[in-house]
Amino acid sequence: MSETQSLNVGMIGYAFMGAAHSHAWRTAPRFFDLPLAPRMTAVAGRDPERVAAAAAKLGWDSHETDWRRLIERDDIDLIDICVPGDLHAEIAIAALEAGKHVLCEKPLANSVEEAERMTAAAEAAKARGAFAMCGFSYRRTPALSLAKRLVESGALGSIRHVRAQYLQDWLTDENAPLTWRLDKAKSGSGSLGDIGAHIIDAAQWISGTNVTGVSALMETFVKERPVGGDFVGLGGHGGTDGPKGPVTVDDAAMFTARFEGGAVGVFEATRFALGRKNAMRVELNGSKASLAFDFEDMNSLWFYDAADEPNAGFRRIQATEPEHPYTGNWWPVGHGLGYEHGFTHQVVDLVEAVANREQPTPSFADALQVQRVLAAVEASAGDDSRWTAV
Amino acid sequence: MSETQSLNVGMIGYAFMGAAHSHAWRTAPRFFDLPLAPRMTAVAGRDPERVAAAAAKLGWDSHETDWRRLIERDDIDLIDICVPGDLHAEIAIAALEAGKHVLCEKPLANSVEEAERMTAAAEAAKARGAFAMCGFSYRRTPALSLAKRLVESGALGSIRHVRAQYLQDWLTDENAPLTWRLDKAKSGSGSLGDIGAHIIDAAQWISGTNVTGVSALMETFVKERPVGGDFVGLGGHGGTDGPKGPVTVDDAAMFTARFEGGAVGVFEATRFALGRKNAMRVELNGSKASLAFDFEDMNSLWFYDAADEPNAGFRRIQATEPEHPYTGNWWPVGHGLGYEHGFTHQVVDLVEAVANREQPTPSFADALQVQRVLAAVEASAGDDSRWTAV
Amino acid sequence: MSETQSLNVGMIGYAFMGAAHSHAWRTAPRFFDLPLAPRMTAVAGRDPERVAAAAAKLGWDSHETDWRRLIERDDIDLIDICVPGDLHAEIAIAALEAGKHVLCEKPLANSVEEAERMTAAAEAAKARGAFAMCGFSYRRTPALSLAKRLVESGALGSIRHVRAQYLQDWLTDENAPLTWRLDKAKSGSGSLGDIGAHIIDAAQWISGTNVTGVSALMETFVKERPVGGDFVGLGGHGGTDGPKGPVTVDDAAMFTARFEGGAVGVFEATRFALGRKNAMRVELNGSKASLAFDFEDMNSLWFYDAADEPNAGFRRIQATEPEHPYTGNWWPVGHGLGYEHGFTHQVVDLVEAVANREQPTPSFADALQVQRVLAAVEASAGDDSRWTAV
Amino acid sequence: MSETQSLNVGMIGYAFMGAAHSHAWRTAPRFFDLPLAPRMTAVAGRDPERVAAAAAKLGWDSHETDWRRLIERDDIDLIDICVPGDLHAEIAIAALEAGKHVLCEKPLANSVEEAERMTAAAEAAKARGAFAMCGFSYRRTPALSLAKRLVESGALGSIRHVRAQYLQDWLTDENAPLTWRLDKAKSGSGSLGDIGAHIIDAAQWISGTNVTGVSALMETFVKERPVGGDFVGLGGHGGTDGPKGPVTVDDAAMFTARFEGGAVGVFEATRFALGRKNAMRVELNGSKASLAFDFEDMNSLWFYDAADEPNAGFRRIQATEPEHPYTGNWWPVGHGLGYEHGFTHQVVDLVEAVANREQPTPSFADALQVQRVLAAVEASAGDDSRWTAV
C-alpha cells in the first residue's frame, strides 16, 4: 500500500456525524482496496480543548479551531463537513473555490437558495477537477443498494407506488430538551429535513425518478421544551421546572407525491412514533415485482416477484451475499453489518470517484433536488396542503 | 335452546358477502349463547335458479326473486343487505320503514346524500324499535377489538399518529376484467370506498375520535379494461383481445388527515400493491403506548408500552386468550381464527343489541361519518389536494 | 343438493374436539360440493342432560347416552370418535366390525398393541367397504398441504434435515389443575402423544418418509398438581391449598431421529415453553429448497428456493391463493383461515374418499406408524436415551 | 489519551478471524475509554509476503514469520491467537509461560486433553499476573449480553427449557471444496466445534448453569469433496471433475441435554440448513419469562414476560438503548450494530480486565467446560446415542 497516493482529509465538526465519518475514513482502506490512501490529516472545531480531545479520540493527525484554516492548508485535499445545516453553504462553497473536494452531510442546506449556490459552486469546481458529494449515507446500506440494482435491472417493471416512512420516537417525551435540531435557524426544519430528506433521497434514487409535486401536512405536537439541558446525542430528558423555549420546527411531516414516471407516493417523517426507533422504510410496488426495506432490520431486503406466483411471497433476502453490493469485502453471509457501514461504503465510493475523476453520487445537484422537494413540502403545508410543484 | 325466541332473517344478495353472512348466521348460535335464535328464513336474488341454488347451498329456508318481497313478509324480522352500494339506500330505507331491523354492508351508500337519508330513516325506525347497523366487520376481528379496548382503557395516552393502509394487489394485472367494482355507478368509488372505508372506520373507532379534515390524492393507473369476462370473485384475468371499457373509479387513494383530538393521520388504499394480499393495517402512536395491526397476521396485535422501557419492544400479542374479545368462545390460545369470524361476531353483537333494545354499532350515523370522510377525500382530490373539512 | 345421497354421522364425545368436529360437519357442505351429504344424525355422551344440551348446541339431530347405541343404529353410516385415547380401540373396532366408517381422533391409541388391533380391524373392514381414518387434522391446514405438495413435486431435492417443534405453555403455572390429559391411564402420554404426535405425523407425511429410529429424553417438571379443579379447556388455574395428585405423564419430550431417506431430525414437544401458545412448527431443509411453517402464523408457508440465489430468501407465501389446497372454496387471497378449517377440510376429504370407495388418509396404518414412533421415544427415554429402532 | 499506558498486542493468523480481531483492536479505543491503549505491535504468519501485506492492510506495526518470535519479543504484552484449533494449545501454553496475556479463538482446543493443559497453564499464569481468555465473541453481541443480564436479574424465574440452534447452509452444495474446516486433524470437528461450540457456550453462559449430560446424533451427508479448490472464505464452489478427498468431520450435530439447574435442552448445529445463513439461535423458557435470539436479526432480543398477561407477547426489544450493554458508546437507538462489534466489545472487556488485574471471561476453564460438552457429544454419538455425562 506504500505506493498508493494519499488523499488528505480535513473534517469539520466531531459530534455524532463526525464520529461516524471518522470511523469510515479509518476503516474503509482496511476492508477495501482503495486507489487513493485516505489520510486523516486534520479536524476542526471551535473549542480548543474539545477539538484536541476529539482529534486524539477519533484518530486525526492534527486539529484547528477555525474551519477556514483547514481550507487554507495545502496538505488537505478534501473537506468533510459534519456541522449543522446553517453552515453548509458557506463552508462548502469556500472549500470548492479553494480547489478542495467536498463531502457534505445532508440535508445539503437549509434553503433551496443555499443549495442552488452550492450546486453552482460544485459545477464550477468540477470543471477544475474538484468534486462534491452529499452524504446521503443510507444509499450505501447494502440492502438499499441491492434495491436500487433490482430496479435498474428492470425487475420491478413500471413502478406504481412508493411508500416511504421514517419513524423515530425520541421526542415523544414532552420534556425532552430543546436542542439545535429543534431550532429552525440551525437545522432548517425538523423531522422533514433531518429524516424526511433521507427517504426522499432514497425514493428518488431507488426508483430512478424524481418527485414532481406534493401535498403536505406538518405538525408540531409539543410547542415548547426545556432549555439548557446537558444534552448529548438524541433523546434524553430535560428538567421539568426550568425555563422553556419554543420549538420552531416540525415534529412530523406527511405528504403525498407524484413522480415523473407516473408513480404516486406517500411519505411520513416523525420523531413521535412511539416504539419505532429508526424505522427508515421504503417500499416500491411495480407491475412485475415489489420490494420493501426497514432499517430496523437493515441487513434484509424484502422482494416479491410476481413470476413466483402462485407460490410467491415476499422473500427476506439477507443482503450479505458476496454478490451483493459491498458485502463481499466483509464477513461470511448472514453476518450482518451495522449502521456505520453505510459511511464506510460512502468513503469507498467517494475515493474511487475522486481517483477516477468521476462525479461521485449523490452530487450536489441530486441533493438540490431533495432540497426542492423539502421546500415544496413546506410551501404546501403552509398553503392549506395545496398541490405544489417541485 | 328450544325456549329462545327466534329472530328471522332475510338476506338480499348471495355472492362473496352473502356467503360470509350466511356462515355467520349459521355459526354464531353454535359458539355463543344468544338471547334470540337467528333463523335463516329467506334469501333474495334476481335470478330464480341461482337464488334457489344459493338458498340450498347457504342454508336458507326459502328464497325470493324480488327483495321487496322479503320486506313484505311478516315472518322476517331483520333484513341483511349484501348487494352493491347503489341499492343500499332504497332497500335499507324501505326495510326500516317496514319495521325491520337492518344490517347493511359497507360502505353505507354511494353518496353522503344517500347516507344521510338512510341515517334519518334509521333514527326514525329506532324510535319505533327497529335498529340499523352497518357491516364494518373488521371491528369484530379480536385483535382489533383488543386494540379498541386498550385505547379506551387509556393505555395509549394522547394519540399523536394514526397510520392506516389497506393494500391489495388484485388489479396489478392490466388485463384483469372490468367488474362492477370498477364501475362508479355501481360501487360509488374504487379502492376508496371498498377498502379505504374499512381503515377510515377502524381508525375513527379505535382512536375514539373523528377525522375533521383531509388532503387527498387519487389515481387510476389502468384507464380501461376488458369487458364481458366470466368474472367471479376478486382478481382473475380477462381476455386481452376483446373489447375494453373505461374504469370509472380510483385504483388508489391516499390522504393525510387531522382528528378531533389533535392526532394527524396518513391513509392509503390501493389494489396495486403487488405482493400485499390483504394488508389492512392500522397503527396508532400515543404518548404512552403504541399499537399496530396487519390483517395478513390477523390474530396478532402488536403493542408497545413505554412503561416497559428500556426493555420495551413491540409485543406480538396473540389475541386468542380467554380474556380477549370473542376468543373465549372458540379454541384454546394460539389456535387462530379466520376472516369469517368477524362476521360471526358481528351477528353475535347485533343479536344481543336487538334483544336488549340497544343501538348496535356501528350505527348508520357512524357509517355516515365514514361516508363524509370519503366525500371529503374525493372533493380534495378533485380540487388540487386542497385541505377539505369533513 | 336434494338428490345427493346422505352420509349419516354419529359422533361420540362433545368436548373441545367434539365442537370442532361438529363445526366441520355443519360447514363442509356449505363451502364444498360434496358427493355425499353429511347428516348430523346423533351424538353420544354419558350424561343425559349434558349430551342433550350438546346435541342442541352443536346441531345433532338426536343423542344417546351409550356409544354402543350409536353403533347399533342402522341410520348411522360413520362413527366419529372424539373421546380420550383409552376408549379409541374398543369403540373403533366395534364400529368397524359393525360396518361403519370411522373417523378417530389422534393419537390413534394409547399403545402400539391397541393401534395394531385397530389397524387390523380397519384392514378387515376395508375389504367389506368400510373405511377408517385418523384425525391428524393439521394435514389439512392449507399451508401444510402446500408444503406436502411442494415436496412431492420434487422442489426440495433430497431432504437432509427435519426440524419439528410443538411448543405450548399452558402448564407453566405449577398450580394448573390435574386433568385427564395429565393422567397416563386416560391419555397414554403427555406432550408426547398429545402434541408430539402431530409433528411426527406432519414430518413423516410431508417428507414422504418414515422415522426409522430415535434417541429420546422426556421430563416431568411438575410432579404433582391440584385435583378437583373446575377445569374447562386447556390451561386454567387450580386451587393452591387443596389436595394434589401425581402427574403421570411427560411435560416435555425431545428426540433426535433418522428417516428412511437419509434425513436426520430433531423433535421437541412441550407445554412449558412460556410465551409459545401453539407453536406447531415444521421445517425441512433439502438440497434444492427449504420450507418452514409455524401454526402461530398458520396461513403462511415460508419457502426458500436455491434457484433464486443470490437474491434468495425465505418467501412468506400466504397460502390463500385459489391454486392452493382448499382455499379456493373460501375467501379472496389474504383473507386468512382459522384453526377449525383443518377439521372442515378433513371432512371434505373423508366424504370424498368414502364416496369414491378409496382409502382416506391418514389411514389407521399411517397412524400406527406414528404410534410406533411414540413407543420408541418412550422406550429410548426409559433406557438412557439409547438409540431405538422404530 | 497520551498518558494512558499501552498494551502491546501480537496477533497470530490473519484470515477471516484475524481481520475481525484487527478491526476490533483498531476500533475499540475510538469508541470506548480504555484504561490501557492497545497497540497493534506485530502480526505473525508463515508466508513472508502475505503476512507483510496483511500487516499493512490490517494495520499492524510489524510482522513475523514464526509465531515463536512474537512470544519472544519483549515489546509484546498479549498474544491473540487466530489460527486453526490444532495449534491453539502449543501457542497458548508457550505464550502464557512466557508471561503474556492470551486471547485464544474458540473452540479452545481440538480435544479435552489439550484444553485441560491450556487451562492448567492459564491457572498458573494467572498467579503470575498473566490472563487468558477464550474468544466466544457472541457473548458480546448486545442483545445476547442483555439476555444474560435479564436471566441474572431473576426475570426468567427457574429455567425449564433451552433451545439452541446454529444453522448455516454453505455446505449444501455437494461440490463445495474440501477445506481445513472439513479436516478433523486441523479443526477437531465440523459443525460441532465450529458453530455448535458457540451455542453451547451461549446456553451455559446465559442460563448460568452447565450441561451435565447429553445424548447425541451426528451426521456427515457428503462424504467426499473436491480438493485443491481456490477456496477463500466460507462457501464457494469447487470443481466437479477433479480429485476428491474425504470429509472427516460432522456436517451436522444434534443433541438433547440436561443442565445443572434442572432445565432440559435441545441443540442443533449444521451447515446444511438451506436458506439459513447464520441462524445462531438461543431460546430460554423460564417459569416467569422467556427470551429468544436469532443472529439473523442480531440487534433484537425477543422477551416474553408472563407479568404482562393476558396482553403478553414476545417483545422485540431493539438492544440499542443507552441502557443496554455496550450500545451507549455507539449510535442512537435503532441504529443497528454488526457482526464485528462483538469482537470490539471483547477487546474492551479484555483490556479492562487486564488493567484491573481481574480474570476476563470466558476463561479457559469456561472454554474447557464447553470442550467437555463437545467431547461428550462425540462420545454419545459414537455409542448409539447413549446418555453421556459431561
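Should a chain be cited, it is by its letter among A, B, C and D, assigned in written order, with residues numbered from 1 in that chain.
Just so we're on the same page, contacts are C-beta pairs under 8 Å (C-beta built on N, C-alpha and C of every residue); 3 or more make two chains touch, one makes a residue touch a chain.
On a predicted model such as this, the values are computed, not experimentally measured, just so you know.
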Copies subunit B and subunit A - interface residue numbers shared by over half, same or different: same
Averaging each chain's C-alpha atoms to get its centre, pick out the one most distant from subunit C. A
Whole-Å distance, subunit B centre to subunit D centre, using C-alpha means? 54
Using Cα averages as centroids, what's the distance between subunit C and subunit D in whole Å? 42
Express in whole angstrom the distance between the two chain centres, defined as the mean CA positions of subunit A and subunit D. 35
Residues within subunit C bordering two or more other chains: 276, 312-314, 318, 322
Residues of subunit C touching subunit A in the complex: 146, 150, 300-303, 308-318, 321-324
Subunit A to subunit D touching residues, read off their complex: 1-2, 16, 19-20, 22-23, 26-27, 30-31, 56-59, 168, 170, 233-235, 276-279, 295-298, 318, 320, 322, 330-341
In the complex with subunit D, residue positions of subunit C that touch it: 160-161, 163, 165, 169, 172, 174, 215-217, 219, 221, 252, 254-256, 258, 262, 264, 266, 268, 270, 272-276, 283, 285-290, 304, 306, 312-314, 380, 384-387
